[in-house]
Amino acid sequence: MKHKGRNVYMISGGVTKFAKATPDMDFRLRVKKAFDYATNDINLELKDIDGSVASYFSDHFQRQLMSGIMVQDYLGLTPKPSKRVEGGGATGGLAFQTGFEEVASGRMDVCAVYGFETMSHVNTWKGNEFIALASDTNFDYPVGGFYTGYYAMMAMRHMHEFGTTVEQLAKVSIKNHGNALHNPYAQSPMKLTVEDVRNSPMVSYPLTRLDVCTMSDGAAVAILASEEKAFELCDKPVLVKSIGTGTDTMRLSDRPFQKVPLLPNEKESDYKNLKYPGVHSFRAGRTAAKEAYEAAGITDPLNEIDLVELHDAYTSSEIQTYEDLGLCKYGEGGSFIEEGKSELNGKVPVNPSGGLLASGHPVGATGIMQAVFMFWQLQHSVKKHFKNDALQVKNAKRGLIHSHAGTGTYVTVSIMEAVK
Amino acid sequence: MKHKGRNVYMISGGVTKFAKATPDMDFRLRVKKAFDYATNDINLELKDIDGSVASYFSDHFQRQLMSGIMVQDYLGLTPKPSKRVEGGGATGGLAFQTGFEEVASGRMDVCAVYGFETMSHVNTWKGNEFIALASDTNFDYPVGGFYTGYYAMMAMRHMHEFGTTVEQLAKVSIKNHGNALHNPYAQSPMKLTVEDVRNSPMVSYPLTRLDVCTMSDGAAVAILASEEKAFELCDKPVLVKSIGTGTDTMRLSDRPFQKVPLLPNEKESDYKNLKYPGVHSFRAGRTAAKEAYEAAGITDPLNEIDLVELHDAYTSSEIQTYEDLGLCKYGEGGSFIEEGKSELNGKVPVNPSGGLLASGHPVGATGIMQAVFMFWQLQHSVKKHFKNDALQVKNAKRGLIHSHAGTGTYVTVSIMEAVK
Amino acid sequence: MTLDYDAKMPETQEGTEVYNTDPLVVKSHYDIDYIHSYAQDSEFFRALGKKKLLGSKCKKCGYTYATPRGHCMMCGSETEWHELPQVGKVHTFTTCYFGSEKFLSETPFNLIMVEFEGVDSLFMARLIGADQEDIHIGMKVRARFKRNLQFSPTDVYFVPARE
Amino acid sequence: MTLDYDAKMPETQEGTEVYNTDPLVVKSHYDIDYIHSYAQDSEFFRALGKKKLLGSKCKKCGYTYATPRGHCMMCGSETEWHELPQVGKVHTFTTCYFGSEKFLSETPFNLIMVEFEGVDSLFMARLIGADQEDIHIGMKVRARFKRNLQFSPTDVYFVPARE
């Protein structure tokens, strides 16, 4: 950040249980449930809210354009200011950051960020087609448009460059589905073995069904506030310390082969022969992390971050993201999971909630769901909200949330900190 | 605004000539043309730009999801931060305001806001269907979804409440198409009479073809900057003094009947028997104006604003908007145009560019096009950019731009001021 | 398979409709079959089959909507179903001579907003049995229902009613 | 027309497919025919008919793209067309066993990213003539072209080439 705006805090959150299909509720009612949970948790009234940001990915999935205003309307937030923010899979993270800016810029004291997606509107393969329409419709979609295929090619190159193995990918699936056993909001809690993952149906080599997240209906709400309002309205606000965003080319084909943008704990000689990002790494992820770390004064991420909720739509992207975030060097992501560093009781728990793989991925809600779970972790209120504290990270003081769009076109990183 | 963020300036702009169909260029190239115009005008380099905001309305019109990233990519702005902002017809205004917040919050020193829409992808009636998908697809679209129909019902009620006439509507069309005769970027410059307007084919009673804007291909770019950067990079920056946004219910049916939210120059007794907004007025427009006026310290809009570029997708909505903005009282919009107050040489020129009616309405570009035309007005550089100064408003010192989504669901108002 | 160096995609006669060659302009088709739930609004559509028009009434503040709304926008509370009168007045109207592609074949058609006695908000519908010049604001109208439902809000429509 | 108090919408047998009644779940269909221009990229598609693969080369900085790009993302300058070699190497690959609805009937199929000597970026395409277990990164491949164009990037595809 060039100059510092006002401090921004998260003061409450709510999430619906993500599920394959919840036809009893439309998107408006789903958001209302998450919103009521968030407002009830701190006795927030409608009049306390200055405006909102709507987060959803796809007009196609929604079968409704301008869905955002229908939620604004349903929540009783008209005629207050609002807008929709979108950026594929990173929509939730971008909307959260837009809410941050509404407050940091001094425009709003309290901003509600609400995210949702109705993916049960079509069958899974049509849903994959909708998602593929978010790849270049002239050059990539017609060749066999399928995002799992694109990520599989990235994973293959990562394995080629760095020796990452399919067993290491499987370990991410085991960890995240396992963590979700204790998350009552999660869609797919499962106790798995490497064999389970590798023997599940192959989707796009080397990624199996259990390497890939599913489609979901769901909603999530985060309430952000200025410092003054945060401490007035909430007993235990959590500071949103900094935000960062990166982008990359739509076509994987157009990704450049250059030098790695270094974090403070890295040196040029670490990556002498690495052409970057190629198709093995997410330059947008690294760019987002750099912006967020610089603004938060983080120079040694592995030791300065206590836990991470990151965008694991694919097991391979969790491993790639360890590296983008500088939790380990490029090439070390496979051993990072293998050595258990990202386990619940590891050096830095990654996706203690179960991540997208196990919690579900209703696109516009996902990045906000991460913020809510992180908020509860940093409030040390997981027990209250999950009705058990198995997933409460004991030393949780500073967390990182990470949202990501198709093949890394948009990536956001936000840093949150406990202050009480 | 609750607290003031950093000052934000507009430092350059560019627009493509709006046209019914420009199949030689895709949306990326169209934005590039507008972007190059803007950057060349002040010799801005890519490295000077910290990030961007993408503005487009419809995945359906684009035939491409996540179009924003393809523009980011084409302009050479990867891996810098970006996001897409959307809110129907108000998309451009919302994106402009989001760019404002990127700078006001201290996150960016220079932010490029780029807008575009490809409406020639389908025939006009299919285009109207796409737009109608942005009305409630359960309750409004199936009844005969057609936005001109919705606006026509609002116009009929305005005529009923206030005695507004179809001749007054026609005068808006005459003024705006006439102004456009001097705007080389405009799609439909025309010299018209009341008879021309009334005798053109009836679209939805009482609105004829010439009461309604057309569909367009186009792009527009606005470059925003912090105070320090603005004066470093540009000889004549224009201050974006304040922003305001309002919203209203998606369904016209759900609009309430309450009291008018008053501007400082109005009193409750002005509107003793008026149920507000009903379907005759745009509560979101009034809300946006109030927020922007309060932040800019404007208490007497008619005398404190020198010119206006407002969202005249329909002649009736221009008249309704005079009232929402407090240029006259509710009910006086018809006589406001009749008395020539909004003419080029009137009290407060409204849509000197020709507005949407005559300039065209490539949705995501429109609100940004208004910012660009206003920027040139306040720079007193219309002659340079239009190659003639017929439309230069002589005393242009403070201007208002206004963007608006279907039946007033989202409305934005931004105030811009000359500082040199 | 071992490698086939001479593999060849089969030629087909599936062509593309081309509208221009320079620039190259092609026809591209897309279609979708949605599985669409009316969710908490389902009862509205089912009730049309019983010739009932359902709105919503806030359990807390009593605000009454002429449309289905699970929650009240005034106070945020839950609503309950509330049967609407079947006679109302034209609050405003238009006649559409053009329209969206889907409805072009039905033009001209009348759209009205209906106001009901004792109901705080309006209802949008088609009006038949009157031409543009016959319609006026304040005119009395009554609801009629289709026998064969399409589970669409057009299963109810309005006709002029005697004053 | 004078007012018709008994006007009645004609009943039709156009029904709605219903998947459930509580909640009410219906089938809803939508389709679109686009008039789509390839705009500044048109020549790429036309050239496939002459069995040419066109990339782009920046007139200013010389960066060479294996895809059509009217402007260079490195320096913002205009590019010119640049004929690509028709033999390259597999930079990475996958085999899709599932996919989007549109391509389900074609599964399993191979996707590859091709790297060309002297070209700075990659090209995505289908590979035929090899099964998943036959493909490896670095493998030589060559372009083949369809005779009957569909004006789609699949008018070119790749097959294994002898080393």
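Going in written order, the chains are labelled A, B, C and D, and every chain counts its residues from 1.
To be clear about the criterion, a residue touches a chain if its C-beta (ideal position, glycine included) is under 8 Å from a C-beta of that chain, and two chains touch if they have at least 3 such contacts.
Predicted, not measured: the structure shown is a model, and the values here were computed from it.
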Fill in the blank from the handout: Those chains that touch subunit C and also touch subunit A are B, D
Handout entry: Distance from the mean Cα position of subunit D to that of subunit B, given in whole angstrom
Key = 36
Practice task
Compute the distance, rounded to whole Å, between the mean C-alpha positions of subunit A and subunit B.
Solution key: 34
Fill in the blank from the handout: Taking each chain's mean CA coordinate, subunit B and subunit C are separated, in whole Å, by 28
Completion exercise
Within subunit C, the set of residues that touch 2 or more other chains is 20, 23, 25, 28, 30, 32-41, 69, 73-74, 152
Exercise for the section: Would you please write down the residue numbers of subunit B that are in contact with two or more other chains? Expected result: 23-24, 60, 63, 73, 78, 123, 126, 249, 251, 254
Exercise for the section: Considering only which chains touch which, label the overall pattern as line, ring, star, complete or other. Expected result: complete
Handout entry: subunit A residues within the subunit B interface of the complex
Key = 1-6, 50-51, 58-60, 63-66, 68-70, 72-73, 77-88, 94, 97-98, 100-102, 104-109, 130, 133-134, 136-137, 226, 243-251, 254, 283-284, 287-288, 291, 405-406, 409-410
Handout entry: Contacting residues of subunit C [partner subunit A, same complex]
Key = 32-41, 69-76
Practice task
Under the touch definition given earlier, write down the residues of subunit C that touch subunit D in their complex.
Solution key: 1-9, 11-16, 18-40, 42, 45-46, 128-131, 134, 144, 146-152, 157, 159-162
Practice task
Show which residues of subunit A lie in contact with subunit C when the two form their complex.
Solution key: 23-26, 28-29, 32, 36, 46, 60, 63, 73-76, 78, 120-123, 126
Problem - subunit D residues touching subunit A - in the complex, by the definition given at the top - result: 20, 23, 25, 28, 30, 38, 41, 65-69, 73-74, 91-104, 106, 109, 111-113, 120-126, 132, 137, 152-154
